[in-house]
């Protein structure tokens, strides 16, 4: 495979300006991420200490193999909700390594609102369990939750993908022979009681862990019975009387040591075999991505320069290099795993759509996972393109993409607008993981375009009413719309709402993709089959 | 991946990793890339670490590794932190011995106030045609033996109670 | 008289050492073994291994009727007692005599005489050999304290029945004398069941020098030169060497002739050792005579070229000594190190365990008299000495260099041994210059057990990398996840 010949001049003023802009963005990103992970009001830390509990990060440290990676999902979930008071949506999720095995981890963060379930908490947990189901990853639940956040119960409880979905997914995991362990390091009350009870194995930490459908206050209110936490649902009772608990742990250390021991008992399932090559670091320094991503989103850049800083040895075998050139397609390796890459180098035309559909069929045929690098403003519009059947060609691309049986992974590298988001495997299209870069945007169209469109509607309405508008008046209508829209399409909004699996520092993309691919290979790859292509 | 090593009475918790090309021992003092290759002598190896190359002879016992290096012999105790924690499997023991099923007391070996050692027989019961000796779950003092020889008891009746442990 | 079958009534390295010579001389051989005892080199060498019982293993080796019965039952016509156990037990000699079995050693009356420190001293003094000023309680208990005072300070109080340093007390001032005498008496009673004492002049910075003698019981006595045994810890010898670096040729001849003279005075038969205490100015006094082969006899063999066990066997059969005094050279220098299972850094606590790997040093001038085998087990049933490392060099410096090289390459893994401590002694400048006394180890205790360069990290690396379970756990992590290490997004 040939090495991409980079055209980047790292001394160019543009490069340096881009680098500075991206560095500033990343500084903000890392600051926010660190705060979401570690910064808590003193009283919350004090409370945990008083309860003799470890923080969720310490718990992960005890659980995970030392010196192994942890791919954390949606660290900044809920960062734009609940007044920013529920960092990470009060839960940590991700893929980590325990006794050499990949496991999905769902860990309540009791330092945030006692680990209460907010609407986005539920969304984040359900997403994690979807990841576990799709990739056949065993799940380790670390339970320590005050229960559903009652003032927002309408966003936590009733709908299809809300609270009940957590338990439904647990059942589906069990049904699919995917093991689960729950470590009960706090209270599991009401619905929460089903997390450990639906797990194949559960461990209750003596003194701090408890499981009950109704806690002591509720029991007293309901029946008048006065009963203590330990008698009602403590470790001793559940492991010796009710059989609800499997293992009683004397300490947190003991609990996670037991969990690790349980994982080591599991049968090792062979992973799906795909093409691999010896791993090679990228030839070009991934940090150069900072200078390649333009500081102005509307500036065009060559996606090959991005790929050269992500794939093994910067090597890329390009498919149809001279056809449909607004979409770069080709093969590369990431941490040795062979992948088929689709990367936008402009608007999608008829030819680039057809090229995409054909290339994806190739990858499905030879079991090559797909990686999408999005920088897409949409499919080309206009009479000529409609006449050429752009909607029909776009449909072919969607049919090939949506019908792909190989695992798909998406990086929203810059713009992700309109139907281009669909064609390039946006959130609705079951990418196994989907990450955004911090400057990227996602929306039905670009901010200016959207603001203009929305403002125009208003202006035309006023004009129909016979009002003549000055430039200032037009701006006064347009500006607030633009401001609101700009915020709504930002990566922080996307990640807050869990439209993605997290924002990535671009240099982490290579590892995040490799972790995702490796995890995906725990699930088999089906034989290729598609719907009907509109030819 | 973790081990507690003991040298001269001092314990150090370390973890071992392998970065694809070499082993790395992570100690509280820092990170030590290292490798150990066998030689032709019995128990002979060449250790490479810290830029040093050392001929060593070693023998691993169940709890210690003995190392001969630079003319000196050392004993390095090894413990798996997980196995240490396993000592607390089951958590704190109960003070009560509860009848696992209904039956009759055959004999009683102790009386309240007796000092007993863990494992010491307290009483013999008969249930379902089987005689079972019930032993003290821990060292302690007998607080109560509610039944005498010949008495019947029911499921979950307390057959013996130790005085609570003082912390 | 001939010997055709020899029973070695001992164990460990000395049994193996005696058996080697016996076999080389064409004797049939047998050795004892307690039921709970590990197999040792002696059991491999001997033609026959006889199991003995006893409430403790040591008790079995001290069981005279049982051992005499074994000798008769297996048809042994001679018994070699080694050292320790029954080697200086007149009752054993008498019992063997009664059973018609030859004892390879002196007569019982000599053993008796020399076994009583008080009588031995009086005997030697009466014949004009030098003894330190002293007072014996038995000579007049009423005047004992006065006579003790007359010896002068510093003085040493010893139990009459003692040995091995137990119950000995140094008194430096008159005020403490009476209290110390009472304390020594209590200890004597406790250790030996005998509260009788004697007092002698205490020599500052003394050296312990002994002379190997051998007599044929017919009046012929020769000496095999001296051994310097000042490297002692609590009166237990650790390192012995010959020649002594402290003696001038005249002093050497003087002390050796004195020893031979004492042996002649008792018409000594067999191998014996006359021990002297030497002041820094070279004056020496008789201490005691050991009527057996000594632990440290190999250094004598190394410089004289004689096999002392072979000489013992010749004497026992009446063949007599193989050499006259003039034929016994003292060539080069020899050092013996006692390899013990003990932890020098933990107050010499005996160490137990399985010998997981044993690799003895080899090379020119290196001899190992070992009582252990690879795979064996070290228990506390017997004393902690595992083996002896003996080296020979053309001069003392070469001997020290060889001893250091050999002890550094003596690989015994599985039990803690004193090899590092021995090397530290050899490396000490005072040892190199020969400026030592019996107090050397105590004075230098801290320096000799000082920790070396901190290599804990290297040791932990070795322990980790040789831990197969740990390595397997690490290697079960996929290559990619290992290479990524602790990456976090």
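Going by the order they are written in, the chains are A, B and C; count residues from 1 in each one.
The rule we apply is simple: contacts are C-beta pairs under 8 Å (C-beta built on N, C-alpha and C of every residue); 3 or more make two chains touch, one makes a residue touch a chain.
Everything quoted here is computed from the prediction, not taken from an experiment.
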Which of A-B and B-C has more C-beta contact pairs: B-C
Most centrally placed chain - per-chain CA mean versus overall CA mean: B
Centre-to-centre distance between chain C and chain A (centres being mean Cα positions), rounded to whole Å: 76
Chain B and chain C: spacing of chain centres that average the CA atoms, whole Å: 41
Euclidean distance of C-alpha centroids - chain A vs chain B, Å: 42
Residues of chain B whose C-beta touches two or more other chains: 1, 17
Multi-chain contact sites of chain C, meaning residues that touch two or more partners: 473, 477, 479, 482-483, 485
Residues of chain A touching at least two other chains: 65-67
Residue ranges of chain B touching chain A (in the complex, touch as defined): 1-2, 15, 17, 24, 26, 81-82, 85-86, 88-92, 94
Residues of chain B defined as touching chain C within the complex: 1, 3, 5, 7-8, 10, 12, 14, 16-20, 23, 25, 27, 29, 32, 34-36, 41-43, 45, 47, 49-50, 52, 54, 56-61, 65-76, 78, 80
Complex contact set, residues of chain A against chain C: 65-72, 97, 99-100, 102, 279, 335-336, 502, 504-505, 508, 511-512, 514-515, 518
Residue numbers on chain C that touch chain A, as the complex places them: 473, 476-489
Residues of chain C touching chain B in the complex: 345, 353-354, 356-357, 359, 404, 407-409, 411-414, 416-417, 419-420, 423, 451-452, 455-467, 469-471, 473-475, 477, 479, 482-483, 485
